[in-house]
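Here the structure comes first, spelled out in structure tokens, and everything after it is commentary.
We just call them A, B, C and D in the order they show up, numbering each chain from 1.
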Amino acid sequence: MSLTAGVVLLPFLAAIGLGFWGSPLRGAYANLVVCGVVFGLTLVVFLEPDAGALGGTVRADRLGMMFGALSGFVALTTAISNLDFVRGELERTSPRRWRVYHAMCQVMLGATLLGFYADNIGLLWVAVEMATIAATLGVSLPRTASALEAAWKYFILGGVGIALALFGTMVIYLAAQPAMGPGLAAMSLSALSAHAAQLDGRLLTLAFVFLLFGYGTKAALAPLHGWLPDAYAEGPAPLTTMLSGLLLNVALIAILRFRHLLQANADAGGGAMHPGPFLVTLGLASLLLTAFSLWGRRDSRRFFGFSSIEHSGIAAFAFGIGGVAAIFAGLLHILLHTLIKSALFQALTRSAALRGGAAPGNFGFSHLRGMLASNKLLAWLLGACVFALTGLPPSGLFASEFLIISQTIQRQPLLSLPLGAGLVVSAIAIIRLIGPLLFDPPPRGVIEVKAGAGIATVGLHLLLVLVLAFAMPLALVRMLSSIAGALQ
Amino acid sequence: MLTLLLRCVASLLHAGLMLGLAPLLIGLVGKFRARLLGRRGPVIWQPYRDLWKLIHKIPLIPDTATELYKIWPFVGFAAIAAVALLVPGFALNLVSARYSDFITIIGLFALSRAAVMLAGLETGFGFGAAGAGRDALFSIFSEAALLVVVLVFGLIAGDPTVDGTATEFGFGQIGVSVSLGFALVAMLAVAVTETGRIPVDNPAGHLELAMVHEAMLLEYSGRYLALFQYAAALRLMIWFSLIATLFFPFGMAQAGNILSWPLGLLSWLAKLGVLTVALGLFEISTAKMRVFRVPEFLGVALLLGLLSAIFLFVAGRLNG
Amino acid sequence: MMPVNSLSHALAGLILLCAFALLSQRRLAAMITLIQAEALVLSLAAFIQGYAQNADALYLTGIITFAIKGVLLPMALRRITRRFNLIRAVETVMPVGFSMIIGVGLIGIAVMVVLPSAASAATQTREDLAIALSVVLLGLLVMTTRRNALSQVIGFLSTENGLVLAAIGMPGMPFVAELSVALLVLLALLVVGVFVFQLREHFEDLDLSGIEAIERRGR
Amino acid sequence: MVGLPGRGMHLGIDPLSALFLCLLAPQVLAAAIAAEGKSVAFWVFVLGMVLTLLAADSFALILGFELMSAASWLLVLRGDRRPALLYAGIALFSGACLIPAVFLPAGGLAFALLLLGAGAKAGLAPLHSWLPRAHPAPSAGVSAVMSGGMVSVALYVIIRYGFIVFGNAVQPWWGTALMAAGAASVLIGALRAMLEVELKTVLACSTVEHMGLIAVGLGVGLRARALDDPALASLALQAALLCALAHALFKPLLFLGAGAVRHATGTTSLDWLGGLMRGMPKMGVLMLAGAAGMAALPLGPGFAPEFLLLHAVIAAAGLGGVMGWIGFTALLAVLGLGAALALAASVRMIGFGFLGRPRSLHAAAAEEADKFTLIGMGILAMGCVPLALTPGLVLRAIAPVISQLVPGALPQPLAYAPLPLAVLMAGLAAVAFFALRRFGARGEREVAAWNGGFGKPPIWLPFGDPATQPIASGFAEPVRRVLGSALLGPAGLDPGERFILAPLSRLRVRLTRLAEWVRRATIRQRLAFVFAVLVMFLLALGLGQDG
């Protein structure tokens, strides 16, 4: 039983365990331990790259390993901040629902890792579908009217997306028939990318459109983004961090892999259309739509939900532009955005906890204003996270956006106009928050409170972002550029 | 070596004449105007007697004034006196010819105007601020017009200094042209505004509504007032000799050879006389303008400056 | 005996007919019977495909489809409609005729996209794929033109039938596909069930307008 | 390997960046001594500027540029929250313009974007209206370095790319565009400096005017370079660089003074100050030196650049065709107008801020500024002296920069010699003083001011009847009535705001309402969106393959 299979199955086993035993607090500690082990394992997987497992359906290639390690790290830090969340919210929900909550966290982690390591496109689809179901149950946990409405919306839109993705998977299988015949070979990503030229181009393009819509729903690209803001705003806090960190990346990486198939076929003259225009259209649509949706928001988690849509739109746009440097920039952007966004949600949860509980209701901006009065360090960390989203230099996103804009200028100069406009408007909408969030007079009766050690993870995330953006070690640079080259 | 010595002597003579005759010029203009109006008018050396009287009075310093009260008169006087030495009078190629750059002269005018305005604001009472505000308004348009006229001279003569331009106009074959005519009218308008003569400001009158230069000096007395009034006289002398050298350059002496000095002196005094008569006639023929009519008057001057530049291009008289 | 693939082709056509008929229904009960018929035909097609490709997985899919979508789900849906006395008509967003025209357009698009201009070897599977794609698109159209939550779920189920039809049409698709389809049906039912009872608790009826009211307040 | 992942970052120094570093050093030192020594954001701000100046590749330059904007945004935010958003918007807009400008091939579009990006940050005409609102917001030391350093760094970027990187692809219209923007900035900056009431806003508007002067100098230089006339180009560049140097010395001096005034009296509104020279003599004299620079008076630091600039424009007028001819004449008229307005504005600032009677108890009770501020201002004043009295030496010092920007340029000697002029004026003043002492009456008497015969104000009105007290806006009323209504429109709104910022914010509100309608769609409508886009993509696919 090879290592990758172990990494994938451990969270599911833990989920079953967490689902039935342990008080909420003990469940949280168990969750932390499992996440720690899983993260360790994801690092160990780096030692034996491309090792097949579970009958060849699970294979950790370099892209999968990198994002697997990232998800492991985010899950670990979320589990750490989950401890404070559970201690604060202990009496609000029944022990049974806490067990369901921790089980769902583990299922989501397991599904994400399966999504990254899966080589079989059917298995990839199952992983994403399982993550959707887990997230739907998670979102509906708080049992408020708006949580139910968010879950219903999530289920309907997610379900439609999953159906389209399944249809796309089947059409890919059909497109692979003439070249690779029936059986498992026609569904393994590595084999498909090896024979990309011989696939039936026409069916491959049809499959890519459906897959783009299926996984685009999970990646929250423009017309398919409806579920994300409500799911972020209504679900229990740490779940939002997991949702934002892990699920979007699974879908974006899946789109990137299928884009490679289509691009290779189109380059080899196999009759397929170029994937660029599709991705660029969805990317720009989500960037421009969210740029103007950010302005009216009163609830902070819904606001940062829209910002997640915007950044996955930017990543899709970078993949649409194509070329090694653009793919490199897109991957770097996803890496940095995941770290910043999960740090932000952890800091947000902590600050809501300081202002009377992290229930979905009290994440409003007017409720969180004047954070400096509550806790200086947490306020500055929260301000740093929000500022990191704007893309102005001290934030890491400047490096990746710089690369993306420079690639757009060189390949499609005209597209740089909407891209630039979208980036500027959304950055202004984000930067507008920092003033009131930190420096406004706080609501009445707010006193200085200790924030506990949990916020160290936020600082760790931001430090990692700075290192990755402005001083990336050479080994990592070589690895990322080789991945981008392979997926070119 | 001899010419250098002669040039120094000429410069000293020039300085003595400019500084000495300035109050006389004021007296002459006053006397001529009174005669035109049918009055006998004060004796022509009356300004000297006024200055002498003021020097011997003890100045009354207002208690709300700051220590700089005593400095502004000296700054104003020094600036105007420096310009007086720079602008050539009866002879060209003086020692200070190389420094008599148009922009420096405009700068020194601005410095003396700033000193007078600050003197007005010194005591913080109503009249000074009102006068300073009006002077600021007039200075905006006059400086713009002056710069455009300087552009025209620069393009015709190609030399940035007053001395070079005068020599070019005098001995170069410029001859009378339409653009120089416009430039002369614009220069006259600016001169009238700068020296505060009738259409813009009433030098003799004390009517509060009409005061511009008078209002800024209300709080001054004694020797400080004398300095300011002497500076005002110098300003009139400078503008007369500036217009004389630039627009009527014939008959000017060369500082180098002493033989041409008498002719130069005579022509210079004759020109001053002609300009005094012209100013007197102009003053009695027009009434004082309302404060907000002056910007249009100066606007016309600016427009004439622009036209002279454009006509210059049309006439193709461009050299260099 | 008619050649097997032309028979499965005919059954696929029948499923397409049911999906198209679904568009025109106004009453919930009629929609439930139509979806039941569609499921039954689908399970029959699964059995035939299983016999043709002698892959036993298809038999399993047929049984699951018959058991859950053919019998259990319509029964549950009818019980729900009876409990909330939802016999009354289902308001549609646009006139039925108009949605029928759009349905025809969708089928045209599906055919244009799937069938290549040059006929390739596996034209038979291409036609099945075109029909499956049409059923999926019609299912989506039903979902987007109904205001009632339950009718949206029925549209979703029709889409899934299209997917299963495409899956059984694929020659030699490995076993994993069948299991995942079954998993989907099972979990979908579970989740829908949970929701329906919760919704009843909170909104006293199944109409989506309640939810839309919350949304319109806007956040 | 620090810098862009994979490509790193390269730094280097050449005469141009050395000049701007020397320009930056005194004001950063003065600001650090005066007030800002301890704040981290200030040192990040300075780091950003230094990084921009030392950058050898485009990533480092834009990284430094945006780091500078981000740190100064935080400082503006801490000072006063209202202009912070506009400031951040302009910072982001300039970044978004610079990145494409840097990557496009050298040509018209690249220069236009560069002008938009760096010009917005330097406060050039169309996008200048943020500067008078943002610069007064932070504390004195920061706004000093922002007005002195940051705008010069923005101009450095224009020079670096306009003359060196795009050097050989330069066209005459580039210079004309820069000159037009400069002239508009001079006019609007000087006029608003005359009309504003807040002391720091007056200084910020005068920054806009001086940036306009520098832009005109650069424009003439660029145009001369395009028509390959190295002599004129070097003259214009001397004017521009000298003006940047002078401005970087006296503007921070004035801002530090304004900070000291706010600290001493609690307000910087000219209508509430007055008579500060009595309470703060040393600071008053330093402010007088700064104001001399701002008004470009001879013997002050500001006159040499003005002198060179006017001569450059006059010389340039000879080159162009008839349109160029009329353009240059109008430009000269605008420069004259601007110079006179600047003079009036600085006289007004000194006259109503420091001379005359105090208009409030705070102004009357103002004590001298603290030692550190005076030391900081002293350093800057010392810097002004060589520029004021020996500009020829300074020009010889920056000759290598001119030859780097305009290869093959031979620097002419300066025709303006302030030292002999100063000696002459001092001599004349001494002669007058001793003549008066020798012939005139000695001594003087302190009495109540005459004030046209009005009586001495009663005891309970220690500063006289407020109704008769002249105020700064009264002084500017004639200019407002003549020029203000013509240029600034009835509401006195800055044209930059009226024609650019207001329409943009209206458009943004309309688009937000559209996005709000999309967000508020019900589940069914969202499904309809998804379905419609899917069908559209399928159509595109179908047509694409058949076509």
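In this section, a contact is a pair of C-beta atoms (placed from the backbone, for glycine too) under 8 Å apart; a residue touches a chain by one contact, two chains touch by 3 or more.
The shown structure was predicted, so the numbers you read here are calculated from the model rather than taken from an experiment.
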Discussion item. Can you give me the shortest step count from chain A to chain B, moving only between touching chains?
Written reply: 2
Practice prompt. Could you tell me which pair, C-D or B-D, is linked by more C-beta pairs in contact?
Written response: B-D
Discussion item. Averaging over Cα atoms per chain, report the distance between chain A and chain C in Å.
Written reply: 31
Practice prompt. Determine the centre-to-centre distance between chain B and chain C, using the mean Cα coordinates as centres, and give it in whole Å.
Written response: 99
Response to the item:
Taking each chain's mean CA coordinate, chain C and chain D are separated, in whole Å, by 69
Discussion item. Using the touch definition from the top, which residues of chain A touch two or more other chains?
Written reply: 152, 156, 160, 164, 202, 206
Worksheet item: Considering chain C alone, which of its residues make contact with at least two other chains?
Response: 113, 140, 143, 152, 211, 215
Worksheet item: Residues of chain B that touch two or more other chains: which are they?
Response: none
Worksheet item: Which of the chains touch, listed as pairs?
Response: A-C, A-D, B-D, C-D
Discussion item. List the residues on chain B that touch chain D in their complex, please.
Written reply: 55-68, 74-75, 77-79, 81-82, 85, 98-99, 101, 103-104, 107-108, 110-111, 113-114, 117-118, 120-130, 132-134, 136-137, 139-148, 150-151, 154-155, 160-161, 208, 218-219, 222-223, 226-227, 291-292, 295, 302, 305-306, 309-310, 313, 318, 320
Worksheet item: If you look only at chain D, which of its residues touch chain C in the complex?
Response: 516, 519-520, 522-524, 527-528, 531, 534-535, 538-539, 541-542, 546
Worksheet item: Where on chain A is chain C touching in the complex?
Response: 57, 120, 122-123, 125-126, 129, 133, 136-137, 140, 145-146, 148-149, 151-152, 155-156, 159-160, 162-164, 166-167, 170-171, 173-174, 177-178, 181-184, 187, 200, 202-203, 206, 233, 297-299, 302
Discussion item. Could you list, by residue number, the parts of chain C that touch chain A in their complex?
Written reply: 113-114, 116, 120-122, 125, 129, 132-133, 136, 140, 143, 149, 152, 156, 159-160, 162-163, 166-167, 170-174, 176-177, 180-181, 183-184, 187-188, 191, 194-195, 198-199, 202, 211, 214-215, 219
Worksheet item: In their shared complex, at which residues does chain C touch chain D?
Response: 93, 106, 109-110, 112-113, 117, 137, 140-141, 143-144, 146-147, 152, 208, 211-212, 215-216, 218
